[in-house]
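Accompanying notes for the structure given below.
To keep things simple, chains are lettered A, B, C and D as they appear, and every chain counts its residues starting from 1.
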Amino acid sequence: MSLTAEQQAEIARSRSETRETRRVVAEGLEARLYEAVPVLDHGFVRVIDYMGDDAAIVQAARVSYGQGTKAARDDAGLIRYLMRHWHSTPFEMCEIKLHVKLPVFVARQWIRHRTANVNEYSARYSILDREFYIPAPENLAAQSTVNNQGRGAVLEGAEAAEVLRILKEDSTRAYDHYEAMLAQDDQQGLARELARMNLPANIYTQWYWKIDLHNLMHFLRLRADAHAQYEIRVYAEAICELVKAWVPAAYAAFEDYRLGAVQFSGPGMACLRRMLAGETVTQETSGMSKGEWREFEAALKG
Amino acid sequence: MSLTAEQQAEIARSRSETRETRRVVAEGLEARLYEAVPVLDHGFVRVIDYMGDDAAIVQAARVSYGQGTKAARDDAGLIRYLMRHWHSTPFEMCEIKLHVKLPVFVARQWIRHRTANVNEYSARYSILDREFYIPAPENLAAQSTVNNQGRGAVLEGAEAAEVLRILKEDSTRAYDHYEAMLAQDDQQGLARELARMNLPANIYTQWYWKIDLHNLMHFLRLRADAHAQYEIRVYAEAICELVKAWVPAAYAAFEDYRLGAVQFSGPGMACLRRMLAGETVTQETSGMSKGEWREFEAALKG
Amino acid sequence: MSLTAEQQAEIARSRSETRETRRVVAEGLEARLYEAVPVLDHGFVRVIDYMGDDAAIVQAARVSYGQGTKAARDDAGLIRYLMRHWHSTPFEMCEIKLHVKLPVFVARQWIRHRTANVNEYSARYSILDREFYIPAPENLAAQSTVNNQGRGAVLEGAEAAEVLRILKEDSTRAYDHYEAMLAQDDQQGLARELARMNLPANIYTQWYWKIDLHNLMHFLRLRADAHAQYEIRVYAEAICELVKAWVPAAYAAFEDYRLGAVQFSGPGMACLRRMLAGETVTQETSGMSKGEWREFEAALKG
Amino acid sequence: MSLTAEQQAEIARSRSETRETRRVVAEGLEARLYEAVPVLDHGFVRVIDYMGDDAAIVQAARVSYGQGTKAARDDAGLIRYLMRHWHSTPFEMCEIKLHVKLPVFVARQWIRHRTANVNEYSARYSILDREFYIPAPENLAAQSTVNNQGRGAVLEGAEAAEVLRILKEDSTRAYDHYEAMLAQDDQQGLARELARMNLPANIYTQWYWKIDLHNLMHFLRLRADAHAQYEIRVYAEAICELVKAWVPAAYAAFEDYRLGAVQFSGPGMACLRRMLAGETVTQETSGMSKGEWREFEAALKG
């Protein structure tokens, strides 16, 4: 993470000031407010603002006049019930605003989640910083040989060194040329909106991103998943920790009913019932394709 | 407005408690928090929570590290620029949550705005209160004779009395029958989700409604407009006052560039330019249909 | 279902005309186009238009240049894979437009699904028809005694008769008064937008409703479910048949991976693994609440 | 535009086949179906499918049983009325699906329009083609000296030559290295999802993009505007021509009431009325800021 002294001072100033409010306050998240959580080599996630807490979920579900309920324990029970039965609207009543610094190729995946509000740093107006994501050696994965989308073993030795050399040199050169095109001594300089096209997808951008808790959990379910690309998963994992600090009861329900949950298809349930009745079921007798059976067995193993 | 003593006590309790927060605070709206603003005969609007203030709009537009800017005056200028040029995403960075009590026929119009989060009091789970909207005599408008959608003069005398009698008697009877169907002494009682079908559209419902500032202003532009039905317009007007207290600079820009703005079509602009050059333009020479010309003249008169 | 002779003639005329198109055609749905499928006592669902077919899902997933793929069998396999792994965007590439006639209290549930386009018949401009939903005797359910939201046994005898009498009489009277308020001989008549407030929630309305296949399946999963209110479930079931005719491969995958699927929580999976290993697990040793355990057992039984 | 012979053959095959349908058909767009309209040096836009026509807008506005209306002239009048009064839902009843090939930096602007369905060619699964956007010399604009966001004069001579040399060389080298990292002889090759990060923002990607007519016109209003970046504007202009062929009446209304329309603020209207009354108004007496006044004068001049 590379914050300038000025940026660090602004964050420290924001963290040092408190005000009075009549609104509900989530103590766990107040402690983390504005703080930049490092992700990848130059990225971060930080919470800028939030609305609501666990009790606000319950309050909305009950359309109530007052602020909370009697017992935190009852709230947790209702929250679990709502999560289990896909009653999503009460979770939409909580909102969070993040400031995220992330490589462009990660931003391109992230933006596909449409139910959020976004303000991105503009490369039409402004000049981007010289910051590029260069993977740590342990994340330099080879193409999977069994899965078009996946990663295989980690590259090593000369091949790894060559990849890192290319990424670093190309980034440096691209940025040198970006700067050169923007302004050359006694020349006009290319328009910013054009010059940026020379920059590779590992350059960092940043945005303000605001989303409600229901849609955030949907994002986290997909992006904190083992199938997500490592470079976005680490952002999702950092956000998970912040959500846990914000709405602990909702996050616990999310872990049980989403992150840790397994869905079985109709045919899968038929097999499961046969197995519980003592029958030995194989792929051949399961009625499932090989791919489905492999996933079924993996789900049972956990 | 008909709040029970218990509801009033819950609201008073919420208003009396303050907490410390590191988040930005909108002083103007803090003063109005939780308070029920009366609308129509039994309805209300009250703010349950909010996120952001005028400075947060600017902060998002700049994707900045710190909290505010130096001068409120500069903020207002940027906000006016953003509003004028339809840069809507910074306004999406503010969010408000309202508790609204409103007649069902108003709720049916309101819900058509899809970019909001809603939790409505459920008539499947719960029993609705005996509260119906009965128009004040001055709002008992006749059908317009020139406009299918509009209202004409106010009904008077025997006709007005008869309408009020019908509305009151039918509401009372419908609710009596609703109660009777729900539970009759030694009988089972009809399911709530069925019994409610006997209730007319002037019964009150309530919901939590959460929306970002950009989409709220879009709602207000349509619903605070003179063409909106009176019964939803009074809610929009009450919300306008709350928005003014919340984000005064954004609201001022909204008044200038949305509520008070006029749009001229391409053909309308052509006429306008001819008129500014001294020409007298009539409907016949305008190239506009009679309806368009009537609206054009009305817009110029203001 | 109560279509006028004129409406039936318009539908017949639409069905009788064919045109040439270069677009993909779903033969199964062409056969059903425009036809009104009866639902409840006066309601219906009919398909007005559609875009795409099973092959279009595959085509979008592959971002391909041509229209289809070689083998329908391969398409079905890919569609199953996409559905199983929650790759929802290819399903969004199919779209359907329905004309639905439905009671207002059903419309109020339906409209909560926000990711659709809607044009509803306007009671501000127009006068509603005299058509009310009166449940068939076998659907006159009592309030559940174990579940706030549910239905219990069917009402019988005098109680049932009384409920039906109330619903019919109140509907008739409300509509008589609606008409009376709208126009009385030598009087002006109340504005339509006001008079409608006297009409109960079992009056029929109608709308055009357009939605993509992914969001439609989400709607169907919730509304064709056993927990949905009967009066909306019958619409969902009618639509399921139309979707089956339209995109048979996608519908089959939807049945296996959504309608017939079961999700187990993290704690549920832990129990399941113990059970498969031969252990007898009870609620007490499960780590689940009574409610969760009851649902867990029900899911295993199917 | 660089379509392979195979791609051209697939397009020709799609265009050559016709089928029977009962759906409405837009003759003007049928003629353009599947055809690739060239944009920029290697990009294109082509229509894959559509739903509805001008009559379908009217039909939805009226929630009608039949297919069309008597007179095309009446339809056009109603469409103009709907457009003028911001009745947007009937326009949402038409839908179009496009296949677009575009540089990544254009795709990043485009995707900000959230109310569309998208399937993008995946650089996690697949290998991107060696195709980069290199501006034509006449589009090699300098940074504006008066506007952070804008373009100034066109670069010329040595400076232009140097910019083109950089863009071409860096693109070529980046792609060479991309290929080298993916697979090197007896080495494993870097995962595709990682290797792509070396590719600059002028590489071409492609997607299927589906949107309703209302949201499409919103996109076109912003992106066919003179303030939009040239490289996205040319796509918007190509789409405008397709929309004109599809729904000519709606497009004509869109031209008059959106593309060619001008909005005046409240203060602007006050000035306008004074000017029409014969008064000479200057910036000093206008009550507007310099920026607003400049825009006001420009709007009057047209």
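Worth a mention:
In the analysis below, a contact is a pair of C-beta atoms (placed from the backbone, for glycine too) under 8 Å apart; a residue touches a chain by one contact, two chains touch by 3 or more.
Note that the coordinates shown come from a computational prediction; the quantities given were computed from them, not determined experimentally.
Here the chain-to-chain distance from chain B to chain D, counted in touching steps, is 1. Separating the centre of chain A from that of chain B, both taken as means of CA atoms, is a distance of 35 Å. Centre to centre, using the average C-alpha position, chain A and chain C are separated by 33 Å. Inter-chain centre distance (chain A to chain D, centres taken as mean C-alpha positions): 29 Å. In chain D, the residues that reach two or more other chains under the touch definition are 118.
Taken chain by chain, the contacts link every pair, so each chain touches all the others. Residues of chain D touching chain C in their complex: 3, 6-7, 10-11, 13-15, 17-25, 30, 33-34, 48-52, 56, 59-61, 63-67, 89-90, 92-93, 95, 97, 99, 117-121, 206-208, 210, 212.
Those residues of chain B lying in contact with chain D across their complex are 77, 80-81, 84-86, 222, 227, 255-257, 259-269, 272-273, 275-276, 289, 291-292, 295, 299-300, 302.
Residue ranges on chain A touching chain D, taken from their complex, read 103-105, 108, 111-112, 114-115, 118, 122, 124-126, 133, 135, 140-144, 148-153, 155, 159, 162-163, 166-167, 170, 173-174, 177, 180-184, 187-194, 196-202, 229.
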